[in-house]
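Here come two complexes built around chain A, the first alongside chain B, the second alongside chain C.
Let's look at the complex of A and B:
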């Protein structure tokens, strides 16, 4: 299976999973390297002697879970990017998964991303807790994600596109983000007017000039409606925001 | 005519390592490199390398190129470097003809180390001449040397290390890789590389091949189909993949024209990528004084290319009378390193191939 698809089998994963008991004790490395290849930096980089000595450079790494401190040095030295750190003591419900991530842009600490499994399938939302990119890491940053504990052995990559678009403003006046808009559409709001009434998008100083088309595009994408057939919002005066005082002052030439 | 003791043809990891060792023993060396910079394939390898400490494992290829050039500088009094200089021919009297910057010149070395590397193999399928269809190495050069994005949606053909690594680097450059296909039933490259691109969501379709490329002025779409156990296409399994770039990475073959010219005994060895020269343990070919190292001696890895280069440089210098008390110790160390790199399952094929050409 692994050699046909690149996805390790359940049995292969089980064979390298630290015991429940060990996982309750603190951070630990998970080495997902299942083939004999001429490579040994995991062993030579570990300062705690946790990876068994390679008698032959083609050996597979064997980790002594009790000696492993979860320090993460091997993570940035593995040319296969095949090592992860999991820490199930992070909180009662969440575990940390540390993932080597050689891409730009790097996520910011505190944002949410879509966590992916070994097939690249989304499995949950995850908070970026830490981004480490020190000089010794030599351009292999490590991103720590907080994920529900049951996913500590599932989450192995993530997608930040979502973050960048989810938090992007659609309506700058009333501060509606793309993420919020998508949520509204998912909840069943299907017209410009409905979205305007529930979110105030389009009711600010620009009166919808910024957001109208963008909302239509997003509706079209999510629901398959054609933009040319979409019902418009009702247009009422005034076309720009004016002070109440201008109205209460009465009409000049009456 | 200009003369030199040792001419090293090609300034990749093999050639650089050969030059370092020969010059360190005191030999006068000329490196002739057709590119405008030394480093060969290393110049575009932005990923960390495998191997062990001796071969700079977990250092990025581009940084290994710098390390080797720094080491070479220690012996700068013994080394002449010609860049933008292509060796056009080797003649029976041992004279090299070289084109450098539009000028033609001759060089007469006493020993020659050929380290010219390899070229990419191509595939035959209808419309394979459409713009947008490249060798994977060419795409890597475009991206990592010239900073040019090759397109938006890529189909990678070939799941060997090069196909997997270039796919990863395309994704790093913000190019979408639609799929990696390979005619073989198993992924040829290292599985850690495969898992790395797979978890980014790139499907790897083994037992699949290209049926047809479509496009008016350039590539627009590729029809692929599945192969059965006998590698025969299964009609009805066709699917279309929209792509403006197709990368072909179905292997390399040794760039051995110069060795043919001078009459080295050549053998066709599929395990090593094609025709390669007979050689002895010290990397000397059937013609005395002509040595080889790196991919031209058999397609392998930069790690083994560097060790072969060290060995060839050491032995070529020794044959000129430059000695070191450590000679035998070093020679054995290099042979041991090569053995160790090739000792696993991945090296089996190489060992089998080498058994056909090593005297």
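Let's look at the complex of A and C:
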């Protein structure tokens, strides 16, 4: 099964699942490494001696759940991206699942994504709580998703669902692309008014008639707010662009 | 959520962000900036975005010169994410009355003595700089090529990001609801997100500075007045400098983005904090602009807006502490030029708060100058 599909069996998953008791205590690593591969950075990177010493480099790792602190160092050191951290103490209802993610673009913190299981099937919506990409991670960013507790051993990937590309123009008057908009959201701009002021989107001749809803949609996606509840920008005069000379008379507005 | 800070700055405009950056740069830890909406949402983000060193008093000239020199290197100094779009296209300030001619010649002499490279021009010479002007309406002009424009949002963002790098905390969408004092000293700030105890409060709240002052029991002698601006569609570059006239009541500049921004003052503008737009402004502005810069009559207006000038009686800012309340500092009353003075405000306020000798003497810009009757009247304000 695993060799053909890349999907481990139920029995294989059960064999590496931490006990309920251990999961109630805090973050812990889940090592989903089911093949004998000559590879041991998980062992060499663990500072707590939680991964048993390899007698033969082809061995599969064996984790001592009680020694594991869930620090996540093995997650970024595993070349196979086979290690995850789950933390069922994150909140009353949610668990945190930390996923190594070597793709671009990285999601930004605060957005909602579709969480997928090991088969790539959608499981639930999940909030990206943190995106860690420090130098020591050596280009293996770690994305922390908040998921309903019962899915902590299910969610292993996610989909940033979108059919626009980063080069799609959102504001045609001021030429703001979706990629630039996302970068502004990533920087912390979280309302239509803030986006408008910093980027000029919505300040062109059409006065936001094209881009307003598109920006709101993207903000809604990123912040989890409902569009109908989000604050709008001020509608300013004039309703239609008008020549200065037409205001004083004497110049045709066409 | 209650906490403690060494300094609380009220106001997330250019002044507050610049003060926070300068204090943090001097090693002050645990600084909190409180902003009612988002950064640059008030007067900073509504201003005409110009910067000039052509002032009529030594004090304003020096403050503006310090700021201009800072902005010339700000992209590097602040390690900006977005270029602040500083364009030094100059300011051409036209004289329309004999009295202005006389005053402007004095201004040029003063500015030159302070190292500001302003020149006095005949109407013909002025027309060479802005060919589309009607030179018959003017008697002369002064021109300083180092004056210009910069983007208020990017500039404020640059100060804020640089301040954050140094550990400053920004609380946006947070409203100050009260200020606590004990034995003549500041003790803290109440906000809708909790109480912050602090020995130092800086009032950099722009149009709301008077209200913040009242919360601390300090009467700040300022009032907020609405000023309006309009902006046109962007076009190819055709006017480098700002065109400005006090007597004819206009300032008009093309931004690097291509749009023209223009505004004017009006003594009848309301002082009740309203920032709605009026059709009278649009009509008057169009009339003035078409008369003085006829070519621009073909440009389309796409938007108008309003913001608050926080006026003092002598059109100079109020800087420094107050005698009635220890730990309470004012950086307000910029009378329409707070954005351009941002760098000077930050540096001088940080120096004042830390008890250092200030780079420019601002001792006579304190609040009590009005009680003492020591006004420094500025003749050059739109």
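Everything below uses one rule, namely that the second predicted complex is superposed on the first by the 161 of 254 C-alpha atoms of A that agree within 3 Å, B and C clash if a C-alpha of one lies under 4 Å from a C-alpha of the other, contacts with A are read in each partner's own complex, and residues count from 1 in each chain.
Assume a contact is a pair of C-beta atoms (placed from the backbone, for glycine too) under 8 Å apart; a residue touches a chain by one contact, two chains touch by 3 or more.
Computed from a predicted model, the values in this text were never measured in an experiment.
> Between chain B and chain C, whom does A:177 touch in the aligned arrangement: first, second, both, or neither?
neither
> Tell me the contact category for A:247 with respect to chain B and chain C: first, second, both or neither.
Only chain C; A:247 stays clear of chain B.
> Does the superposition put A:203 against chain B (first), chain C (second), both, or neither?
Touch status of A:203: second partner only.
> With both structures placed on chain A, which of the two partners, chain B or chain C, ends up touching more residues of chain A?
Answer, by number of touched residues of chain A: B.
> Pick one for A:236: touches chain B only (first), chain C only (second), both, or neither.
Second partner only, chain C.
> Tell me which partner A:137 touches in the superposition: chain B (first), chain C (second), both or neither.
neither
> Is A:194 touching anything from chain B or chain C once the two structures are fitted on A? First, second, both or neither.
Once the two structures are laid over each other on A, A:194 reaches chain C alone.
> Could you pull out which residues of chain A sit against chain B in one structure and against chain C in the other?
In chain A, no position sits in both the chain B and chain C interfaces.
> What residues on chain A touch chain B, complex-wise?
2-8, 32-41, 44-45, 56-58, 77-82, 102-104, 116-121, 138-140, 156-157, 159
> State the interface residues of chain C toward chain A in the complex, per the touch definition above.
Chain C residues touching chain A: 38, 40-41, 45, 81-82, 153-154, 157, 231-233, 257, 277, 279, 282-283, 286-287, 289-290, 296-305.
> Which of the residues in chain B end up touching chain A in this complex?
Its residues touching chain A are 47-53, 57-60, 171-172, 185-187, 190-202, 204, 206-207, 301, 303, 340-347.
> Along chain A, where are the residues that touch chain C in the complex?
Of all residues in chain A, those touching chain C are 187, 189, 191, 193-194, 197-198, 200, 203-205, 207, 234, 236-238, 241-245, 247-248, 250-251.
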